[in-house]
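Here the chain labels run A, B and C in written order, and each chain numbers its own residues starting at 1.
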Amino acid sequence: MASTNSESLKSSLLEQIRNVVDFNGDKESALTQLHFPVKKQEEWKYSIPNFLADSYQLSSLQEVPVSSIPSGLPSDACKLVFVNGVFSSELSDKSLPSGLEVSFCPLNNSIKPFEENLFGKLNEASAEKQGIHLHVHKNASIEKSILLVHIIPSTGLSSWIQPSISIHLEANSSASFGEIWEGLPADHFVANAVNEIRLESGANLHWLHIQDGTSDGIIINQTRVACAANSLFRHIVLSTGSGFVRNNLDIHIEGSGAHADMFGLSLGNGSFHCDHHSFLHHAVPNTTSNQLYKGIYSGKSTGVFNGKILVDQIAQKTNAYQSGRNILLSPDAKVYAKPQLEIFADDVKCSHGATIGQLDEEPLFYLRSRGLDLATARLLLVRAFASEILMQINSDSLRAYAEEKAIRQLDEMTKS
Amino acid sequence: MSKETEILEEITGSEYKYGFTTDIETETLAAGLSEETVKFISAKKNEPAWMLEWRLAAFALWKTMTPPQWQNLSIPEINFQDIIYYAAPKQKKVVNSLDDIDPELRRTFEKLGISLTEQKLLSGVAVDAVIDSVSIATTFKSKLAELGVIFCSMSEAIENHPELIRKYLGSVVPVKDNYYSALNSAVFSDGSFCFIPKGVRCPMELSTYFRINTANTGQFERTLIVCEDDAYVSYLEGCTAPTRDENQLHAAVVELVAMENAHIKYSTVQNWYPGNKEGKGGIYNFVTKRGICMGDKSRISWTQVETGSAITWKYPSVILKGNGSVGEFYSVAVTNNFQQADTGTKMIHIGKDTRSRIVSKGISAGKSQNSYRGLVQVMKRADNARNFSQCDSLLLGNLCGAHTFPYLEVENPSAQVEHEATTSKIGEDQIFYCNQRGISTEDAVALIVNGYAKEVLNQLPMEFAVEAQKLLAISLEGSVG
Amino acid sequence: MLKINNLHARIGEKEILKGINLEVKAGEVHAIMGPNGSGKSTLASVLAGREDYEVSAGSVEFLGKDLLELSPENRAREGLFLAFQYPVEIPGVTTINFLKTAVNEIRKYRGEAAMDAVSFLKMMREKSQLVEIDQALLSRSLNEGFSGGEKKRNEVFQMAMLEPKLAILDETDSGLDIDALRIVASGVNKLKSPQNATIVVTHYQRLLDYIVPDFVHVLWNGRIVKSGTKELALELEEKGYDWIKAEAIS
């Protein structure tokens, strides 16, 4: 049962979308059936976004002047800038690497989400107007990292933004993307993002997602990926901040020989709430996947990991591995983990492991016996713990950028 | 490959051995469930008013509840009005000696491998034999009474030990806990009660054997075990039912209470009729089992070997309230043909320095679905809690499914929680290695499955291990050396 | 005892054995040597009946029976033993229980009564002393967590227990240090009799210092390209395999 409050929020958002987009009966009825999540729903059991504002300005469709993009971004990357979820050609790099095309185009929603929810449907409703499509041509090998930089300017109002981005890699192409949430406002906001990614056969995509903000915003990110034969997809997410983050990452492995890597590092401080929901679907024989999610939680932060591996009956010779490792640093930090296996094929190797604990005493003692104070020793160890994820980033400049953010956050966390 | 499949079918497809029915005169209440049914059962057992009130309150609550939907099971709708809630073999009201038991009933239990004859009693095991809705005999009662151990049917306990029953019944599994626990609280007909007084180490295994005989009967038994400070008991539960085309419901509630430094070891070999190869018939086993480690340093261990029932919905759990208490769950769950199982445990860490260990081995064959579902919860004040869970699934054939749904909820930073799970099939290289030593593929599969489940089988008391081995179609280790 | 005639075997599309001819008589020790990838282990696997290989031509007669017609377990019951290059681990199944099952299956096949626990234990004790294997190892899960040397020693112990007529040792020396090699070899030697035969498959001559062969065969590219006595092994040690290859091509 949705509360009246969230129902009125829903209708206010719909009205704002309706002002600029016509939508037909089908979409309308899908929207009426869905509601904002409640704790009773299994998929939202540990994570309910707390809508702080009475009303939100669906600002994604408004023009907001922004003069500059955040400093400190890697300089050797191609930047595509989104202001309030809307692509800004003025702020974006004018010359694109060869093999890459950017166009306006609604999401085609050809990859069915594991969890159909109101957030996704709301995004879909406005995507018609503001969806962006990135196309990588056949055999193109793009050297430069492509950054999708999301900016939400401060307006004094609570913004609700809805970026919709689809990415298509044609056969045997390769590219490296960075999805970066930077320059988030001090005001409360909701970012309701959807990415749809399709890899054709032999394509190779490296996706780094950095969610960093000190504001108390809500970020809902739903990324759906389809991988064709022999393609290689690597997803790395770094989540820090103090707001609420929910990431739904669905990967469908639909062609033999494809491989997916999923890595996550969550560094929680303050009242940060970070929920990684991954759904990995092995739909054909001879595919592999590897997942490693790590989290360090301090302050009153909460980490949630909900990972499901589904292996279809025909998907023989699947090799899937999933691991979640969490460290709790403070008495009020919490971790909820639900790693799941659903296996319908017998000739498979699937395993998962999850641990929740603290820094090992042994190395801590060792370092202290060599003269390091406790704080330094702890910092050293949490950095080492985090580096296993960060070292998976292939671009040197992006890795340096991510490391700097992680280290700053870890310093903050171990200080307290 | 097809040969391997054939052999697997042969191994897993052996006939259900306990499918016979006993032809005995039975007093049966007409099918249907109402307040009158509850009153009838209570009256039949000469229960005191408080007990009837308790039942009626449970019934009223049950009517407002709905069956749980979260499990990974497809459960056909059950019409609770079609079930018979009371069926009892007609025999002399009070059996003073085991020799007075109806010979037909005695033969029934003998066929099940349980002797109720004074001379042939298994030494070291006291048995409470329950058929349909009533307990027909309890052995070694007087011998146990010398030590202050109470071991009797639940009906007798309500009559003779009302103070204990009123104190503990529903204290671990509240009536409102779930749909089936509420139903059980309203209509439970019998079951076993064990009470081990302070400092007593129960010298023999206590055991209850549950048998459903009458068609269309639901069995709703209630078991309560209380171990006072420093006491120990090992309790065994066995179950079988005749082969029938109709599904039958078994909705039991088991409650365990362990006081300071007490240890309760609860073992189950569940061999309910699982239905035929086409998935027709079989028992629906919807059971709520929970123990509470009330006192410091107490310990509760659940061991289960699940081979039977068409649908299993069962999560033997431990509430670790006392500081330094220990909870254990060892499980082998085998599903075959069209069986479905959703089983696991909950370990709720409340006290400090509590430890829990979960070992679950799922084996799926045929077209069955086998799910492990477990919760490890470390509450805010549960400093230094430790948990280790190992959940493995073995798939025999590619038409079945194996699923793992662990929930880890940690709200205390000093906790250490570790969960590991694997899914695999029997290695072809392992089978070939056995073949090369002259062992047939059929025996090799049995041997390997046995090895796979060994960690759990080792937890069973000797008397039960034998039955469990046979159930897994395996000759167990340890007979030599 | 064993007659291999023009044996061809393939795995998938790839032909690995391309016409093997070999006769082994009771009481003999044959060494099969050859460079990596020459087909040595394939030959051992095909004789034991591993299903990954398809026999495309040729015949194998073992004690008057068509070996290729027999299932792997019946080959074992007939008296063929393969000491694996990589013995598998079977968690939860102790070596004792495993062997008890194997011994009794073989006895049953031969129409003999199952062995009782006492005589089985006695036999185990004797044989374990013979091959110098620690009894404690035998109560552990089969090969699980065993070192390379322990696994190989366990193979020879099983050979002692099952008393095969023909034992095939597949690279039994690989991964062994000199002491382990000596123990394993002496175990094999003690089991030798005029009634049984041994085929030693090895890459190096080293093992043949301890298990002295009556005949040495060189396998290359799926065929036996040269046969001789134990001196051939010494020659190989000295010159390597290249001259054999050159000789075979010319």
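Methods note: contacts are C-beta pairs under 8 Å (C-beta built on N, C-alpha and C of every residue); 3 or more make two chains touch, one makes a residue touch a chain.
It should be emphasised that the depicted structure is a prediction, and the values quoted were computed from it without experimental measurement.
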Farthest chain relative to chain C (centres taken as mean CA coordinates): A
Innermost chain, taking as reference the mean of every protein Cα atom displayed: B
Euclidean distance of C-alpha centroids - chain A vs chain B, Å: 44
Chain centre separation in whole Å, for chain C relative to chain A (CA means): 56
Centre distance in Å when chain B and chain C are each reduced to the mean of their C-alpha atoms: 49
Sites on chain A touched by chain B in the complex: 42, 46, 313, 316, 326, 328-331, 333-358
Chain A contact footprint on chain B (complex, rising order): 70, 393, 395-425
Chain C partner contacts - residues on chain B that touch it in the complex: 427, 429-430, 432-441, 443, 447-448, 450-455, 475, 477-481
Touch list for chain C against partner chain B, complex: 48-51, 71-73, 75-77, 81-82, 84, 87-88, 90-94, 96-102, 105-106, 109, 117, 120-121, 124, 138-139, 141-142, 158, 162
